[in-house]
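Down below are the structures I want you to see.
Look at the two complexes coming up: chain A is in both, with chain B in one and chain C in the other.
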Partner chain A sequence: MAATLSPVRARRRPAARVWRDRLPGIVMGGPAVLVFLAMFIVPMFLAFVLSLTDWNGYSLNFTFIGLENYAEAFRNPRTVDAAVFTAVVAFTGTILCNGVGLFIAALIAGNGRANTLLRTIFFYPYIISALIIGFLWSAMLAPEGAVNGLLGTLGVAPVPFLTEVTFAKASVILTIVWSHFGFNMILFLAGIKSVPPEYYEAATVDGASKWQQFRNVTLPLIAPVFTVNLVLTLVGLLKVYDIVLALTDGGPAGSTQTIVYQVLRDSFANSELGFGAAQSVILLLVTAVLGLAVTLARRGAEKKVAD
Partner chain B sequence: MIKHRTLASVGTLTVAALALTGCAGSDDGGTDGGTTEVSMLVNVTPNLTEEFWNGLVKPFEDAHPEIDVVVQNPGAEGVAAALPRLLTAGDAPDVVQSLPPTTDLAPELVDLSQYDWARSGPLADQYSIDGKYYMAGIGFQLQSLWFYNKTAFEEAGITAVPTTVDELTAALGKLKDAGWTPIQTSGDWATSHSLQALGLPSIVAEDPEWFAHMSAGEATFSDTYGDAVATYAGWVADGYIPKDALGVKYPDAEQAFLSGKSAIYPMGSWFAGTEAKAEEKAEIGVFRAPAVAGVDDPAMGANIASPYSILRSSESQEAAAQLVEFLVTDQAAVADQLEVDGNFRDGYEYEMDALGQELQQIVADTPAESYTPTGQGYGERTLPTGYSDEINAQTQALIGGTAADEVVAAMDDWFASTAG
Partner chain C sequence: MATTTHPTPPLTGPTAPAATASPTSRTRRRRPVPGVGTILKWVVLGLGALVMLVPLYIMVINAFKPQDAIISSPLAIGPDTFSLEHLQAALTSEKFNVVRAYGVTLLFVALVNVCGIALAAPVAYVIARGRSKWHLGLLLLFVSGLFIPGQVTLIPVVFVLRVLGLINTVPGFILFETAATLPVTIFLFAAYLRTVPRDIDEAAALDGAGKIRAFWSCIFPIMRPVVATIVVLNSISVWNDFVSPQIILGPSSGIYTVTTGVYAAVGEFSTDYTTVFPTLLLAVSPAILFFVLMQRHIIGGLVAGATKG
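After this line comes the complex of A and B, so read on.
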């Protein structure tokens, strides 16, 4: 093969022919590249430049202040607290969403009608607006809400779901998990359904139990789905905002403020667009690094499937 | 070199991509066929509908056929978020409503000092910056108020409304003993309203330059606000403020008080608008937030109701000024605006119930120099950016059981890192 190709490589193709060959790719791919540059790269670059200014959102006479906004982001206790809580939400939420999603997907992977209905029910919260979910659970978890009313009838004292810091944080995370795990479940279901049945038949012949089949056949083969689920959930939860706004409005005592909540407060309520942009850039970098890290960490598991 | 306008425009869009965005209709100002178009960016709410705004300016348009007023609705985005975007896009309106001038915004606004109606309007001096008047408003939104359930006061044997903080504390004790929830508050932004109603009447009366002194780092939170925080913590410890209040949403708190489930409700005068519309309600009165004993003239927290400003970029500043003059001085226009949002102004009366009349009397009895900002402040009386969020969070911490000295120390630290 190499021997037959070498004379071709040795001959230089005329430049005109090279460009003629490349032209279709340029024509067809060019617009997409331009849109990508205009809609993503340029705004991101300008947001970075903006993060180096003290722009208040009104005057065009802002000044460049170097990395001061970035230093302030690490000094400001509200931003630091919000970043810590966002990290807790993202990591805990990612584990729970994927854990619950996988568990439910494994339970209802069969083709029965009941399973179809259950898939619809479990997926339903994901398609409801996050704001509606926040207000819904806010009403249910309020001191005189449905949940405490139910607990009261059972003789249990009211639980400060939204009024005590630890409970409020847990309420935010569990509400997010409730609203999001349906998405993870659907992806896991698609992965489970794509596993060839012959693998299970072979495992059954070898005497493997259902748990062993799940652990040694299903899990390895849905490794790519796992990676996608982990990255999408992690990235999504790093940006969580609307549920927090509707459920706790960042309270009590600012304990459930997330980083995006802070970005919007600082940018618009406090007219600190430069500072808001700096926090956005940091969030973008953290998100990119974490997404990449998860993808790389999962590469080994995915390679096994490919092999 | 990237132009500031380009950078600012695209940057705004990028940061705002996380937020809800709406579109304000935008028309070029200027003269068209002998008619001068004046665009006015307004907040559209369930009370202040587009229909209301168009009806409000119609008499002005009838009297000035050469001027066409175009009402701009910023949609869900709201005026505060829409204006920066419009400014940076070079598409700013001629007039903006509901946005009080700040030192950040002032360079973009027309100095209205030449107009008597701007200099002599409600809170004109309080909102001035460097002696310049950048806005004119229609009336007052009173802040330092305690609404009370008259039945609760009767049952608790309280025959006169409290005139000092000590009397207020004693009244709360009597109300609790009589089986009432003494203070109705809530989570969200409203939590700190009660602490500010307790503290500011004394603090600002004793130091009218309190905002300036705090911003410059010449006074400390602990020295000025410490007693109020300690009193508040005492109220929490004594059960006058329920610990589960933080789980109550603002509208639910309002309804709970209206329906007679609690005795006292610290809130702004706009509550009277809700009360007036309620069909079944408790008998409600209102008293001015008292100061500590010895302070004869308590400060009264107040915001301007519906401030109007003219943008410097406007090509129709003269016509815009005529429009604003009409909106803030015409008897019918002012009364209509006051009524629809439950605001007040001495000399501009509309049909109001007993509670509204009590508030109107408070406005009439309050000397102009007693008015003070609350929260972040306004005009030259402003605190470091983020104060409103911080005081609200710390008030929530107090209700959650954090000790007063810890809260005061946290506020001192916050001022130390932001003031000066």
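After this line comes the complex of A and C, so read on.
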């Protein structure tokens, strides 16, 4: 619309002409840039500024306390525990999701009907919201839930899946793996299927066994898919929250609280907005560093294959 | 590629069982009689499928049973315990109007898709066609959003929306969700548009179309495959999102999506299974139905989105 107004001025000076050429681009790009600035960049800087204050989120006065919130994050046992648990979830979750995903993908890589059906069965939890997955497993793993009922008929004493610290931590991780490995499997499947069949034929002629083919042909060729899977899972699990909220609500005794759980609780329920912001900035930095580190480390592995 | 050549006889002996469970077997050949390896593979897959399906089965059958029957025999259902009462109660619950939540969430999904694509497509076009460092910088700006977890910005976003007067409102929520879709959308769109030949732009320019009109009438229709990918990705993430509607819309707005509604209905009654299972079943059914119907597109979209990103 604005484009139709400019030609009047544009004919006079070359500078105006430059702007007339740029105008469509600005009209096309401007709205997205504005929305992105308002909802991403400004809030990110705001989070950093808030993390330097002791603001509680509603009062009119607050003071800048420098890096005190960051020091507190490393001192506060609650935050440290949550950080450790988040790291455990992210690393074991990433390894298990990708391990199970790759294993199943290798087994069902064929084109048969059974394989298509199995792909659906292994993948479906991924499209269900993590909150609902959490509530479902919470109902099943409860002291009187279905899993204990089943164990009871086998003569096994009830297992405190969600009420004992170690069991609860394992339950969180296994529930995540149950709902997420299907996504990794799908990507591995796509990678495996994109390997040209001639390579396998050549390998067979050379007398390579199935395992050797998998190890020396498939794995190197799906290295890029591996990278994507590792980065996406790791970055995703570092901000795990919904499933924990529904499954254990951080319990028992706060043992399954994650960093995002702390951030949201400190920022809103506990009115420690500055402290919450500091923890979220730490999460942002860790996510960015780990995401980049894995990408760079894997780039080496991918290159080795290309050479 | 295949470097190691094991001195395997070209023909396996009469005993195929050399093929053991793991793929470590050295001499496996396709044979009409399934070897131990094949049998074990199907046993493993069968058990795996059971682990995936039993929770779904438990959720479905227990939605039709009273509390004591759920606890005493979670895996069984018979005519004596079957009842539609609890499902009906969940469907007409005062706390959580499921049908309304479907409508609200679906509307949000549609709005975010339309807004996200309308904002991202033209800027991706500008980026894809631009050659200056500004265009590269613009792409990097948006792509940096891929590494910013939504939960980190969510708290300050609340204050930005408060300043704009949009907190606890639908436009505020749509604005945030739309922004959240931009990084992936722009990245995939720009990558796709680089593969669209410039001849089409020039042809449109010769016909006298302005740059903006040329884009929407000539280029955008070509983007159909990548738009489909993005619709799949955005729809799943908006439908399943819990934290942003919970915080931006908030209980005070009285607007519930499927996830925030489930949280309101189930959160405090998590031991009353006659509420839990029917509510979860109702919340999950549309997603599962959608998945079964659109499976190929959903999986294709996810793969395209992840591997090109």
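One rule holds in what follows: the second predicted complex is superposed on the first by the 264 of 307 C-alpha atoms of A that agree within 3 Å, B and C clash if a C-alpha of one lies under 4 Å from a C-alpha of the other, contacts with A are read in each partner's own complex, and residues count from 1 in each chain.
The definition used in the following text is that contacts are C-beta pairs under 8 Å (C-beta built on N, C-alpha and C of every residue); 3 or more make two chains touch, one makes a residue touch a chain.
Just so we're clear, the structure is a prediction, and the values are computed from it rather than from any experiment.
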Consider chain A as the common anchor and indicate whether chain B and chain C clash or fit when overlaid. clash
Have a look at where A:207 lands relative to chain B and chain C in the superposition and call it first, second, both or neither. second
On the A-aligned overlay, A:296 touches which partner chain: chain B = first, chain C = second, or both, or neither? neither
Taking the superposition on A as described, I'd like to know which of chain B and chain C A:39 touches: first, second, both or neither. second
Is A:265 contacted by the first partner chain B, the second partner chain C, both or neither? first
Scan A:60 for contacts with chain B and chain C and give back first, second, both or neither. first
Touching A:160, do we find chain B (first), chain C (second), both, or neither? first
Who does A:18 touch here: chain B (first), chain C (second), both, or neither? neither
Could you say whether A:128 touches chain B, chain C, both of them, or neither, answering first, second, both or neither? second
Does chain B (first) or chain C (second) touch A:151, or do both, or does neither? neither
Between chain B and chain C, pick out the one touching the greater number of residues of chain A. C
Among the options 242-250, 278-286 or 296-304, identify the stretch of chain C whose C-alpha atoms clash with chain B after superposing on A. 242-250
Touching chain B and also chain C: which chain A residues? 42-44, 46-47, 50, 138, 142, 145, 239, 241, 260, 263-264, 267-268, 273, 276-277, 280
Show which residues of chain B lie in contact with chain A when the two form their complex. 2, 4-8, 10-19, 80-81, 83-84, 87-88, 102, 104-105, 107-108, 187-189, 191, 242-249, 252, 385-386, 389-390, 393-394, 396-397, 399-400, 402, 414, 417
Contacting residues of chain C [partner chain A, same complex]: 1-8, 10, 22-28, 41, 44-45, 48-49, 51-53, 55-56, 58-59, 62, 70-75, 119-120, 122-123, 125-127, 130, 138, 141-142, 145, 147-157, 159-160, 164, 175-176, 178-180, 182, 186, 210-212, 215, 236, 239-243, 247, 258-259, 262-263, 266-267, 270-271, 273, 276-277, 280, 283-284, 287-288, 290-292, 295, 298-299, 302-303, 306-307, 309
Give every residue of chain A touching chain C within the complex, in rising order. 3, 24-25, 27-29, 31-33, 35-36, 38-44, 46-47, 50, 104, 106-108, 118-125, 127-132, 135-140, 142, 144-146, 149-150, 178, 183, 186-187, 190-191, 199, 202-203, 206-214, 216-217, 220, 224-225, 228, 232, 235, 238-239, 241-242, 246, 260, 263-264, 267-268, 273, 276-277, 280-281, 283-284, 287-288, 291-292
Which of the residues in chain A end up touching chain B in this complex? 42-44, 46-47, 49-50, 53, 55-62, 75-78, 138, 141-143, 145, 158, 160-165, 239, 241, 248-254, 260, 263-273, 276-277, 280
